[in-house]
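Two complexes are shown next, each including chain A; its partner changes from chain B in the first to chain C in the second.
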Partner chain A sequence: MTADLKVRPPGRAVSAAPPLRRSRVAPPWWFVLPALLLFAFVVLVPSARGVYYAFTDWDGLDPDFAFIGLRNFIDILDDGDALQAVWHTLLIAVAVTVIQNGIGLLLALGVNSMIKTRNFLRVLLFAPAVITPIVTAYLWRNLLGPDGAVNSLLGTVGLNSWQQDWLGDPDLALWMVVLVVVWQFSGYSMVIFLAGLQSIPREIYEAAAIDGTAPVRRFWSIVRPLLAPAITINLMLSIIGGIKLFDQVYALTGGGPGHATDTISTLIYKDAFTLGDFGYSIALAVVLTVIVAVVSAGQFTVLNRNEKAAS
Partner chain B sequence: MNRYTKRTFVLEMVMVAVGIVFAFPVYVLVNLAIRQPSDTSSPIRPTTSPTFDNFTGAWREAGLGGALINSVLVTTVSVFIVLAVSALAAYPLARSAARWSRGTFLLIMLGLILPFQLASLPLYQTIRDLGLLGSIWSLVLFYAGLQVPFTTFLYVGFLRALPRDFEDAASIDGASPFKTFRYVVLPMLKPITVTALVLNAVAVWNDFFTPLLYLSGSDQQTVPVAVAGFVGQFVSDWNLIFAALLISIVPVLAVYLALQRSIINGFAGGLKG
Partner chain C sequence: MKARRFAAVVSALTAVSLAAACSSGTNASGDDMKTLTLASVDQGSIEDVVKAFEAANPGVKVNFTTSGADQYQAQIRTQLSSGTAPDVMTVWPGNGNPGATFVLSKPGYLLDLSDQPWASKLPESFKQVAQYEGKTYNALFGLNGIGAVYNDEALSKSGLKAPTTWTDLMSFCRDAASKGTPAYALGIQDNWVTQLVLYALAATVVFGQDKDFNTKLAAGQTTFAGSAWTQAMAKYTEMNTAGCFQKNPLGTSYEASQTLAATGKTLGIIQGNWVIGLLKGKNPNGTFTMTALPATDDPATFLVPAAAGAGYGVNAKAKNKELALKFITYVMSPEGMKLFNEKQGSLPTLPEAGTIVDPGLKQLTTFVAENKTVPFPDQLWPNAKVQQTMLSGLQEVFSNQATADDVLKDMDTEYKKGE
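On to the complex of A and B.
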């Protein structure tokens, strides 16, 4: 493999000369202003207002709205559909994270070998990750339909009894969402794992091979600890991406059948723009924010500890 | 262990099989996009008498031409803005250890956690009050702000690992801070800029939720919104829909294949900071 998949700064801070502290002119603080203002206007201020609106009965239009305390949040706890959506969101996030990273790691090990098609496969397997998610979801909606290619394929190999309306079955539809996300982003996980694998010096690996260490043992004791940063990034990306999932559900099932695949994000959209219930919708967004924050903080702590322990 | 053994051959066969499984949906996409609507044979059987009518029909009906122009415009302008302001901001944030600098950095990093759903509804109201609903400039503004935390994070991480010597030399020679940034710091940031460019461009180009909100009810659309509208309109005319999906994918795949190494390295590299 010729490509070194890491972007490195052109030089490290290695200076033999005595430090020239006197000459250091700090760049002016106002350099941050353009970025800070854009960020404040688009993210910070609206988010703060969002948290406030979550405690009101705002409908998105009427300037006269009332402060109603925890009403919206109590309503969420009473709302079976909302609780289901929270459950679906977590289930999708966990399932996608486990399956996508499992497949991604196997693919990375595969294309990191001596096989002749490794470069071609790397480009092919990563390709879905750059395609617009809404487009891949519409493609899969047809593939998984009653007359779709998946059923045709099953028919061709004699598994006619497996043929069904994959997205029409409430028990299966959620897993089809997971399937589509995994198909699209396994290559993404692969690329990050591959960068991690290629940063492992060959000598270490070869030394272990010469010593007669079994492949599984080699993977567990040498590759896995050195892969820790790639694992951290991959888990973060896939779990947060899974929690925020919207496009794929919107295009594949629209949250259906019934509410079988609704996630927090699709409910936020429906409550605000089809029901006009902005206050309630924003309260759901606050719930989503809390889940993302808790998961990121928890994951960061655990993985950071493991990464330190491994290195 | 660098030899091509029998086991390598078995692995090669397994990986090629996996590749075929991954490529299968795209095969069906192309196969149905070139098929006449009257042809009702199995979707996996190769199309015998291909036609291009679906493409011309989809292009005309979906308004993909205008949508492509909008998507290119929104992506280019917003990514340019976000790279410029983030690189500029990263310079003092990476170099100053003052309290305001650390505080500002943490504040901006808060944006990495906040899901955009929280900000998008109140911002919807502001955009409406400004009369920007239905205008693609609302999207440019949105992405320029939304992508600041992630891009700044990349730049600051990269800049911290760079030596200060060149900047110091420039300022000793009397260069102004802005000149130092423009002619000394910025060129050194090139590798991470490629990464940030790739990741931001893909994120902006592919976004569906934001234009769905901010452009709804107008005649302006981006590619994802045009595709969704088209699917809603031609519910079961799948040959036509697949042609539209394929048209929307081709520019992305063309760029990807042309710049595959930079793009794959961008995805892999930036995240390792």
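On to the complex of A and C.
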């Protein structure tokens, strides 16, 4: 670095130049080969081979199976349960994404302030995220039972009319799934937002405060754009997590009552392992993959553009 | 970049945990001829059977795993198709679920057990579901029935008497509900439980009228919709409206329903006989009695759903066939059968086992002895989807998302799709 500095012609920007020059040297393409081969061997090839079965009537057991073309995919379009599951999946994904990130951001702003217990609160709020989802789901299944803690609490404070069969009512069950996911992962979003908030230099806030900006304006014009990378990550993670949701649904309701909370993932599981209809189940999995790919690519493009525009 | 690295770490962790989960199966290693591998769903009873088998065969070691039915079915199918299945495994009787005799023996995964001495001794109703194309594949050791199981103490405290006719049952339900202790606990959050009351009603209502209903169904001469199944469904709904069950059955799990019945918050529960052991686990001082669920006003016509529980099959590619057969022989011997059934609270499939049956099961034993039983209907349905359609359909009926007729029609549609 010092040697560099000595030969540098005077008057040029010192700090930005070296990394720029370095990045212009493209690494040889074959550097990527070892990683790519491993990825191909462990992920791409098995996945591609799996996709093949989506075009067969394989039952997961019998080595004799037939190639049936697009039959499974046509059946999906014809299957009320599957279409309903797609709807549930998107509904959960959107609801979780909006609510979880909203709460996560508010929590992050809260624990980023100077309140005394902020470190304790950070740990406390993040704690649910380190528990296995299946465990939290079983906990909530007990809390939300007809004689569970939630109804008992409502009864104790005299709100008997608010008592519900939370998981047994098809109109409520799906929202209980959302509640459990949000409860568990809001702290996770919070941590990512918090990291973003802490990287914003204190001086900018102070300058804005001296200029007399209102807190809302300060948030919208300073914090939001500088938080853009954290927002991108959080939205991506929560929407993909929401679309793939399985554990919580399976443990809370098993997809029931009836099919009221079935998501694409629970249907994939049921079709493969309860019904032995592997071909159909894999076809559903392909559909899920396409949905995840399209949604996350779209989201990434939009958010990335915003991020660039903001910075 | 951070997101991507995070995703990579997550996927790596997932892959590792999946691999760990999948490899929890059995692996024979070391002294192969003395080691038997076994996978079972009989948690709570297989442990003692294995211990007794090892004691009877010094030097023999049984490596076994147990798991719940759902997980087990997934595991065993993966292991069978990849050639890593254990020597002996739980196999369900008949057809209609992914781990059933017909399903596993059709592609040739199970060893033919027809030449075993017990195979010819099995009563006809069990042979039907232990065999595929005339060959025996399943060592069925236990028999289970479905009926109303009463908490004796709660019942006598209520001053009510267990009903013996349908009319009785209706007033029993109303009286019990008005006293604040509903008649029966119902935990249909776990969807397999939904079928039990229906089966208990259908035994008399459907098969009492026509013992050959299943044969006719298979021949396409009748359907679920429009048959006596409609009446069975109607009676189930009628029981619900009469207040036979506690509030919010859809939010109540199987586990929670046991607690209700065991602790006297309901007078009883409509379940399989296996529940008696579980109720005693929750209330060691309690006594429980099982009777047929009255579905008509003529007790002489009552039938009880009673069928073989899951048995054991031998892997056609077992590493240690000899030892596997030895284990099967032990399970089907009077000694093994007695041990297994007493632990499970089930009845033996062979008469000479000398099993000591729980006193609460006296009536079931009589029904079996008098041949007044019908197999669980699903054991002879052509695919697993029929039963699953019924299970989720019944949940929909209870939550007003569907009518009983919708469900029966959907079952017909799935039935007609065949194997």
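Criterion: the second predicted complex is superposed on the first by the 269 of 311 C-alpha atoms of A that agree within 3 Å, B and C clash if a C-alpha of one lies under 4 Å from a C-alpha of the other, contacts with A are read in each partner's own complex, and residues count from 1 in each chain.
Just so it is clear, a residue touches a chain if its C-beta (ideal position, glycine included) is under 8 Å from a C-beta of that chain, and two chains touch if they have at least 3 such contacts.
Quick caveat, the model's predicted, so the values are computed rather than measured.
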{"item": "Touched partner set for A:P170, first chain B, second chain C, both or neither", "value": "second"}
{"item": "Chain B versus chain C as contact partner of A:S296, first or second or both or neither", "value": "first"}
{"item": "Touching partner for A:I131 - first (chain B), second (chain C), both, neither", "value": "first"}
{"item": "Contacts of A:I282 with chain B and chain C, given as first, second, both or neither", "value": "first"}
{"item": "Which superposed partner A:G60 touches (first chain B, second chain C, both, neither)", "value": "both"}
{"item": "Superposed model, chain A: greater residue contact from chain B or chain C", "value": "B"}
{"item": "First, second, both or neither for A:T156, with chain B first and chain C second", "value": "first"}
{"item": "Which of chain B and chain C A:A35 touches, first, second, both or neither", "value": "first"}
{"item": "Which of chain B and chain C A:D147 touches, first, second, both or neither", "value": "both"}
{"item": "Chain B versus chain C as contact partner of A:K244, first or second or both or neither", "value": "first"}
{"item": "Common interface positions of chain A, toward chain B and toward chain C", "value": "42, 60, 147, 233, 237, 272-273"}
{"item": "Residue numbers on chain A that touch chain C, as the complex places them", "value": "42, 60-64, 141, 144-147, 165-170, 232-233, 236-237, 253-260, 270, 272-277"}
{"item": "Residues of chain C that touch chain A when the two form their complex", "value": "2-3, 6, 15, 70, 73-74, 77-78, 80-81, 98, 103-104, 106-107, 109, 189-191, 246-253, 256, 383-385, 388, 392-393, 395-396, 398-399, 401-402"}
{"item": "Footprint of chain B on chain A - complex, ascending", "value": "3, 5-15, 20, 23-29, 31-36, 38-47, 49-51, 53, 60, 107, 110-111, 113-118, 120-136, 138-140, 142-143, 147-149, 152-153, 155-156, 183, 187-188, 191-192, 194-195, 206, 209, 229-230, 233, 237, 243-244, 246-247, 250-251, 265, 268-269, 272-273, 278, 281-282, 285-286, 288-289, 292-293, 296"}
{"item": "Contacting residues of chain B [partner chain A, same complex]", "value": "1-4, 8, 11-12, 14-16, 18-19, 22-25, 28-29, 32, 42-44, 81-82, 84-86, 88-89, 91-93, 95-96, 98, 100-101, 104, 107-108, 110-111, 113-126, 141-142, 144-146, 148-149, 152, 158, 161-165, 168, 171-172, 177, 180-181, 188, 191-192, 194-195, 202, 205-206, 208-209, 213, 216, 223-224, 227-228, 231, 238, 241-242, 245, 248-249, 252-253, 256-257, 260-261, 263-272"}
